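Please find the structures below.
Okay, so subunit A shows up in both of these, paired with subunit B first and subunit C after.
And then the complex of A and B:
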């Protein structure tokens, strides 16, 4: 798995766009809306390599924070000048409201690409990059508010261990979110999807990234991955409650969510 | 701390991080090994099947059923919502208020993700709580009357007092209540909010001593619902001290409703008198 991603790192984003025809952006946006993070949330994004989820999180929290500050200002209509200036002081430095995201990935190359992207796009505060293995996270217990793993969990060898680790590092009340390719039950769509996956994607891989094998692996790993209900059972096994899933695009992708209660 | 996982009996028993024992919070040592055996041999009631969208907490019944000693997720949700109410004046009926409520219980703010992002559940929870409080209030009053310690109120007075008591519960949240009303009117909330409204009106009539089983049952409910809703709307715009204007409005509406009943009778008897007069005139003319 490591080598697959080493070779894939640089072209990862381009490949994503071409394979999914850009829809993956929408999927990730939906994931962020489902999370609906409030300022002050501590997010752990595992297998988050190139930072897509992390950047979206920062954008979301920033806009929520702005709205919060605007609302506060509206309430300040009746205060004295002294009080208003004091409140400006405290709010000025908190454009993110103490939210933070830690991006963890097993692969150095992916993290490197992510850091470069962050610099390029101008994301600086509230972001950290950590090298780590999803089956054995280098974090303490009860630390994070939200744990996400977007298109990463199918690459983990022992999914149950990763889920247990997720449970461990989450605070009580914390949320587990998993965005992943899943099982399409509609037979017509299923055939079209299979056709597309096995005929088109490896070809794209060869043309764009010069790597047929990695993308062949990708498609096969999607097929081998447990379907929605099974993954839901595995998440419940790790101890999460109120586990449910939401199918996107009729099951091509699914978002699973669980709470540590 | 041991928690029983439900469906397949083979599941390893897991420690629950937050769901606490309902029976007592003071006792430190849970009975570890003996409870393990107990849970293994009695698989307890099945959790309601989860649909892809997630189950909605029920408002009319008690909390969900789970192992006897631990609170269910629904009960935890109720606790979070109750805690969230105190943040409503500041944040409105939103997911933010719920997140703050979760924080006070020692949970992560992400726990607010368990609820709809528009704050519907918070409002419905509040309404349900108010209705319960109203029922208890009316129950107590009834007891006093039965014991002979209080006078039985005439119907219009009773209705006025009941509606006023219920509306007064809105006072701490009055600024954000218009927002709440609009959310309650959203299509996906209408079944629940309508349900709560009708059961509250039912309650009031029940304690008012309504025994009717005929057509009157519907008219009484419709009339009182109308009185309640209009008074609520008036209250939203009322700026008089202690909402005097609202109570006066309420008084007038209740009086109108009472008169309506009388007027209906009067119309009937006037009609009858009129008919008799005409008959008499006809007889006189024919003679």
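And then the complex of A and C:
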């Protein structure tokens, strides 16, 4: 799996846009809205290589924070200018409100691309990049408020271990969120989806990234992945409660959510 | 990830990541008793793998459906135009559109004594099989000496030719491989360098000779990136000569170049039927 992603890293984002016709951006936005993080949240994004989830998190938290600050200002109508400017000073350095995201990925190349993107797009604070394995995370217990894994759990050899690790590093009350390709039950859509997956995606891989085999692997790994209910059971096995899933696009993609209570 | 014995990922001089990997390499081990859609999928997968191994006609072969070939042809054509450094796209275009021209070429080879021998013996032109020192030592004007000079002046290597992937016949895969490996010799015989202008001229010659749609497209669309002055030289002198030579010459794949390194280039040109190149600096 490692070699697949090494060759894939640089063209990852372009391929994602081409294969999903840009819809993957919508999926990731939906994930972020579901998470609804408040400022001060500590997020661990696993297999987050090129930073898509991390950047969305920062944007979201920033805008929430801005609204918070605006509301605060409205309440300060009766204060003197001196007091207002003092409170400005306090909040100036907290545009993220102490929120932080740690991006963890097993692949150096993916992290490299992510860091470059961050620089390019101007993200500097609240971000850290860590090399690590989802089956054996380099973090202490009970550390994070939210754990996400977007389109990454499919590539993990021992999903049960990854889920156990997710449970371990989350604080009590913490949330597990998984965005992943899943199973389409609608027979017509299923056939169209299969046709598209097997006929078009490897061709796109060859033409855009010069790599047929990696994208053939991608399509096959999606088919092998456990369906919604089975994944839900696996998440429950790891100790999570209130486990649920939400199908997007009739099951092409699903968001699974669970809490450590 | 276990790697296949005898193969390793290689990067050719153009920086293309050429990775010889089979499906079985890419499948992660499945330690859990697979409840995955019941066991029927497990059996189905194995059957598919068997089928694919049966369909894989040569190492590196990727069997493709007609729809996939059509999509590949279209995609590679567009990509080759947009990004002229994507030589792999030119190769893919050649493979997916060559279904008429390649059997034609193979038959031409079969019916010619030298060509027939080449089909039998399947010689390959690559650095490991060429004795570069010996070729360099040959007299000036000989095929071997001029070929090595060409490689060195243009800083190219015969090892960067893409192996065929999408040709669904093992013999035809060799034919297209031979065509690719002989391409540099075409440059030598035609006296054309590897700049855009030189490549276009060689493409015109190859288009006439092989009838490969990829050559025809390359010959037709290659010139769009040339300056007006170059286009003029191309149109007035180089292309007419290339066409005349292409028509006059016998099939270039029917020449066992590896046995003719000592032969002077001029004599070989005459034998094949290539007219002397115009005295223009390309």
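Definition applied: the second predicted complex is superposed on the first by the 260 of 261 C-alpha atoms of A that agree within 3 Å, B and C clash if a C-alpha of one lies under 4 Å from a C-alpha of the other, contacts with A are read in each partner's own complex, and residues count from 1 in each chain.
One rule holds in what follows: contacts are C-beta pairs under 8 Å (C-beta built on N, C-alpha and C of every residue); 3 or more make two chains touch, one makes a residue touch a chain.
Small disclaimer: the values here were computed from a predicted structure and weren't measured.
Under the clash rule set out above, the superposition-derived model of subunit A with subunit B and subunit C shows the two partners fitting side by side.
When the two structures are aligned on the shared chain, A:260 is found in touch with subunit B, with no touch to subunit C.
Of the two partner chains, subunit B is the only one that A:242 touches; subunit C does not reach it.
The three-chain arrangement built by superposing both structures on chain A places subunit B and subunit C 150° apart around the Cα centre of subunit A, to the nearest 10. Applying the stated contact rule after C-alpha superposition, one finds that A:175 touches subunit B and leaves subunit C untouched.
Contacts of A:146 after superposition: subunit B is touched, whereas subunit C is not reached.
Judged by the touch definition given at the top, the superposed model places A:36 against subunit B, while subunit C stays out of reach. Of all C-alpha pairs spanning subunit B and subunit C in the superposed arrangement, the closest lie 15 Å apart.
Against subunit B, the residues of subunit A that register as touching in their complex are 33-38, 40-41, 68, 144-146, 170-175, 236-237, 239, 241-247, 257, 259-261.
Listing the residues of subunit B that touch subunit A in their complex gives 5, 11-12, 14-19, 50-54, 73, 76, 95-96, 99, 102, 105-114, 117. Contact residues on subunit A toward subunit C in their complex (touch as defined above): 1-4, 7, 155, 157-158, 160, 199-200, 202-204, 206-208, 210-214, 216-217, 220-221, 223-227, 230.
Those residues of subunit C that touch subunit A in the complex are listed here as 1, 9, 16-17, 19, 21, 23, 26-32, 35-37, 41, 45, 62, 65, 67-68, 71-72, 75-76, 78-79, 86, 88-89, 92, 165.
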